[in-house]
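This report concerns only the one structure given below.
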Amino acid sequence: MAADDIYILGITMTKFGKHPDKDTVDLAAEAAMGALKDAQVSMGDMGILAAGCLMGQGSIGQQIQKQIGQTGIPVFNVSNACATGATALRTAVMAIKAGECDMGLAVGVEKLAGVGLLGARPAQATKEWTPSGRFGAVAGTDGRIGTDNMPGTFAQVGMEYGHKYGGATFELFARIAEKNHAHSTLNPLAAYTKRMTLEEIMNDVMIAYPNTRSMCSANCDGGAAAVVVSGAKLRTLSKEQQRRAVKVSASVLTSDPYQEACQVLPDVNTLTRNAAKKAYEQAGVSPEDLDLVELHDCFATAELVHYDNLMLCPEGGAVDFFNSGATWRDGSTPVNVSGGLESKGHPIAATGIANIWEICHHLRGEAGDRQIEGAKVGLAHVIGLASACGVHILEKSAL
Amino acid sequence: MSTETTLSQVPHVGYLQLGVRPHLVANECTQCKARYFDRRNACASCFGSDFVKVDIPTEGVVRSFTIVTFASPGIPVPFVASIVDCGGTSVRGNIINCEPTPEKVHLGMKVRLATFTMGADDNGVEAIGFGFEPL
Amino acid sequence: MAADDIYILGITMTKFGKHPDKDTVDLAAEAAMGALKDAQVSMGDMGILAAGCLMGQGSIGQQIQKQIGQTGIPVFNVSNACATGATALRTAVMAIKAGECDMGLAVGVEKLAGVGLLGARPAQATKEWTPSGRFGAVAGTDGRIGTDNMPGTFAQVGMEYGHKYGGATFELFARIAEKNHAHSTLNPLAAYTKRMTLEEIMNDVMIAYPNTRSMCSANCDGGAAAVVVSGAKLRTLSKEQQRRAVKVSASVLTSDPYQEACQVLPDVNTLTRNAAKKAYEQAGVSPEDLDLVELHDCFATAELVHYDNLMLCPEGGAVDFFNSGATWRDGSTPVNVSGGLESKGHPIAATGIANIWEICHHLRGEAGDRQIEGAKVGLAHVIGLASACGVHILEKSAL
Amino acid sequence: MSTETTLSQVPHVGYLQLGVRPHLVANECTQCKARYFDRRNACASCFGSDFVKVDIPTEGVVRSFTIVTFASPGIPVPFVASIVDCGGTSVRGNIINCEPTPEKVHLGMKVRLATFTMGADDNGVEAIGFGFEPL
């Protein structure tokens, strides 16, 4: 292990689902203490804490410290929509790369169970039409000029792909959800672990065509945390710690470069493609090398486009790629063997670390019933509007 | 409350130009020609800060759509949200005057801008919205 | 200039005050474009954007990109209460130190004009006493078990110092405010530039004894932004840019280490002292070397304790230090020659960059009427509850 | 609504122990003796996670105070917020049964715990608050 490499020394996620008896900080503390225990280190070893909670008040890091240890280290509270957890990890990695410390803790947590559809606030009734805001609008635009809600936004993302390349039918998208729900049955930490038939998925309540309820990510509670360490420091730790450490071969964060259409529909493609390219380059890994991928299937329609964006298939070939069975757990490039956000659940700020936990779990050979045998390299992807994309490539320890 | 002809109209959004032939107007960057419907401090593409108004074609092709059947409280459903390619400029708008079903709306469908009333305020001023209807 | 040093290449702040015609993003864009112009670079040169807006929705960075340039660079939205701006700068500095880029942009912005006292929400009326939360409280505690509001909290911080060391009277605290209001008359960007007599200050509306209204920071709108650059990159730029560049000799962020009393009253002392120690060490500078200091006088009572925390005076000697006249602009250690938060204003997330702007302005010899002649080294301090402290030490270019 | 003796009482906060001699109770870390009034997942000082209940002395010394005359809506002013050193443990509480002026409240003042009623809920349960009064 090179001195300037970065490793995940410990990582954990709480059970995703409903936790009515735990507050946000309980979940964050559980995840953080779990990651420290998994890493066999303590809060006293940490040189930085980066944390995120989208629904919080911007000081989740300090709230966590009060529950698990106040040592005076720098705290970065970060926020990047659904990419918040990945941003926290990215920040801790950056602090180590900058030589500011040799170990850091990243935490993401959210309580969302019972929260409805995330989207814009309803339009207000008006007594006098008065233009306001950057569009000079006299009334709300959501529902009148397109949609601001997430299921509809990502439905359009998938449909746009269909318009460009063809073959993206309602049934195809539903079959992506069918795969993820099938995968979830092997994940004891998933919020939902019920296998669903294609018919059940297609006949479920329609939210935003072509996304039915079971094709949407599940709002739930959850926390996830990771301890990162420099290669130099890892060398001084036990053989057991070295063996279980997972190499962060690439850690990339991107935002939207300007694209014509991104002004009217978020462009989730360009920044994901940019992040993936940079990550493959950083890691010296190509898409064919990946043993598993956790990608941001906030909706079934999103998973399809990310096959292409992450270059798991030739450009324009996502439909054929999925139809080939490649992304099922017994396929050539298993995608979302955790069950994905559609069944594992999507506690927003936790997601960007939980997907890395899933990859690490397999690379360490600790994934039990859902182990992808012999997994050596994995990729975790997350995207938050509008917009941030995190891509991490992880490799099994050489020991 | 009055049923008489309203005295005046305002567009739902500043970039809808009312009149004999309603159409959309964008802020175009003089340097790189990037177009924006909202007010911008500078150009997201080339960082320039000079803009001119340009008219957007009123006919286009549906590049993407969704039929929203579940929305935030107060927003009537179902409605069809879509992205329409109007001569190379992407425009966001609802598909209107068309049954909101996957059988009636389809990708690649040709549409044109259409306006509708959003009602009058207490001063009798009528707000006019826009969408796209099948050609 | 050493290759691995970090410099401020450009920095700006908007006028602080009321900006009813500008939205948050306007102020942020104005500050960011101003900093880029001051640096004689463009958004295309930036390798990272770190931004904060406490009252925002956690995506101010991406909102700014849409107004000034979307280039696909990593965006970190950060939050650390009143230390948010300093945290944004810290993040950009860290990215450069990590070798991820050679230039970065940090932005802080807030719209607060018209917002009332910041503090806890009022207690709810109850039909049935039901214990909830981590204190098992059946009703709100603010006002019944001490105070949660900021003027009261910082009043106690000052009074505690008085209890420990003596001499901290109402009049003493008011005289600190008198100094800052006097300083503000020379700052055209301050929200308030009115000289106030000691009598006016003491007879002003009492908010939380001993802090009257004119001893409290002023809620206002404002933005501030800075461009940071590596020493290696700076060498390739023009002589003019090199001459105006200000060296970031120390960039430190700390949080609360555990202290017995910090559970009942925020301990603003220990983390400030820790940050200052580390900063002096990093910069190889001692308190006597400082030509000016901008410190976080969110209330007059806070300024006093930070003289001690920043080691501008011997431990316990803050009252004597102030009484000596040292902190007036013609004293040995001018403090808050900008007018401080009490008159310059305190648009929360902008504050941690605006105080650095003030220092840079003097180090570059561009501070006009309020120039501290021959200023070569300055320190900027900011603290947000509960808690983060940022300390930056800045030095005039050697050119 | 009733003026009869209330049937039961609840403390304002879980760390106020009612009874013959009301007092505060802290969670003390068994490892490093750090004390917390709220529920903790682990100790902020030593990271341990075993806690025991300990009684806090009811007499103390005012280490800091402020007289709050301007507060969030719904909070009656003025009131005196303070930090009281109770035998080495810092406690947060209001100074009560004392005129809220800088003439009557002073640093170093000796005080003792006192309770007061916060009123009854719809079930007739009375909530009891605490503060510190001059000795």
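By letter and in written order, the chains are A, B, C and D; residue numbering begins at 1 in each of them.
Heads up, the rule we're going with is that contacts are C-beta pairs under 8 Å (C-beta built on N, C-alpha and C of every residue); 3 or more make two chains touch, one makes a residue touch a chain.
Being a predicted model, the structure only gives us computed values, none of them experimental.
Where touching is counted per the definition, the chains common to chain A and chain C are B, D. Chains that count as touching both chain C and chain D, per the definition above, are A. Of the two chain pairs examined here, A-B and B-C, it is A-B that is joined by more C-beta pairs in contact.
Mean C-alpha position of chain A lies 33 Å from that of chain B. Computed centre separation for the pair chain A/chain D is 44 angstrom, with centres defined by C-alpha atoms. Centroid to centroid, with C-alpha atoms defining each point, chain B and chain D lie 59 Å apart. Among the residues of chain A, those touching two or more other chains are numbered 65, 69-70, 134, 258. Residue positions of chain B touching 2 or more other chains: 40, 44-45. Taken together, the chain D residues at the contact with chain C in this complex read 10-15, 34-40, 44-45, 62-77, 79, 81-83, 88-94, 102, 107-108, 118, 121-123, 125, 127, 129-131.
Interface of chain B with chain C (complex): residues 40-47.
Residues 25-26, 29-30, 33, 42-44, 65-70 of chain A touch chain D in their complex.
Within the complex, the chain A residues that touch chain C are 23, 49, 54, 58-59, 61-62, 65, 69-81, 84, 87, 90-91, 94-95, 97-100, 133-134, 252-258, 262, 270-271, 274, 386-388.
Taken in their complex, chain A has these residues touching chain B: 117, 119-123, 126-129, 131, 134-147, 149, 151-152, 155-157, 159-160, 162-163, 170, 205-211, 258, 260-261, 263-265.
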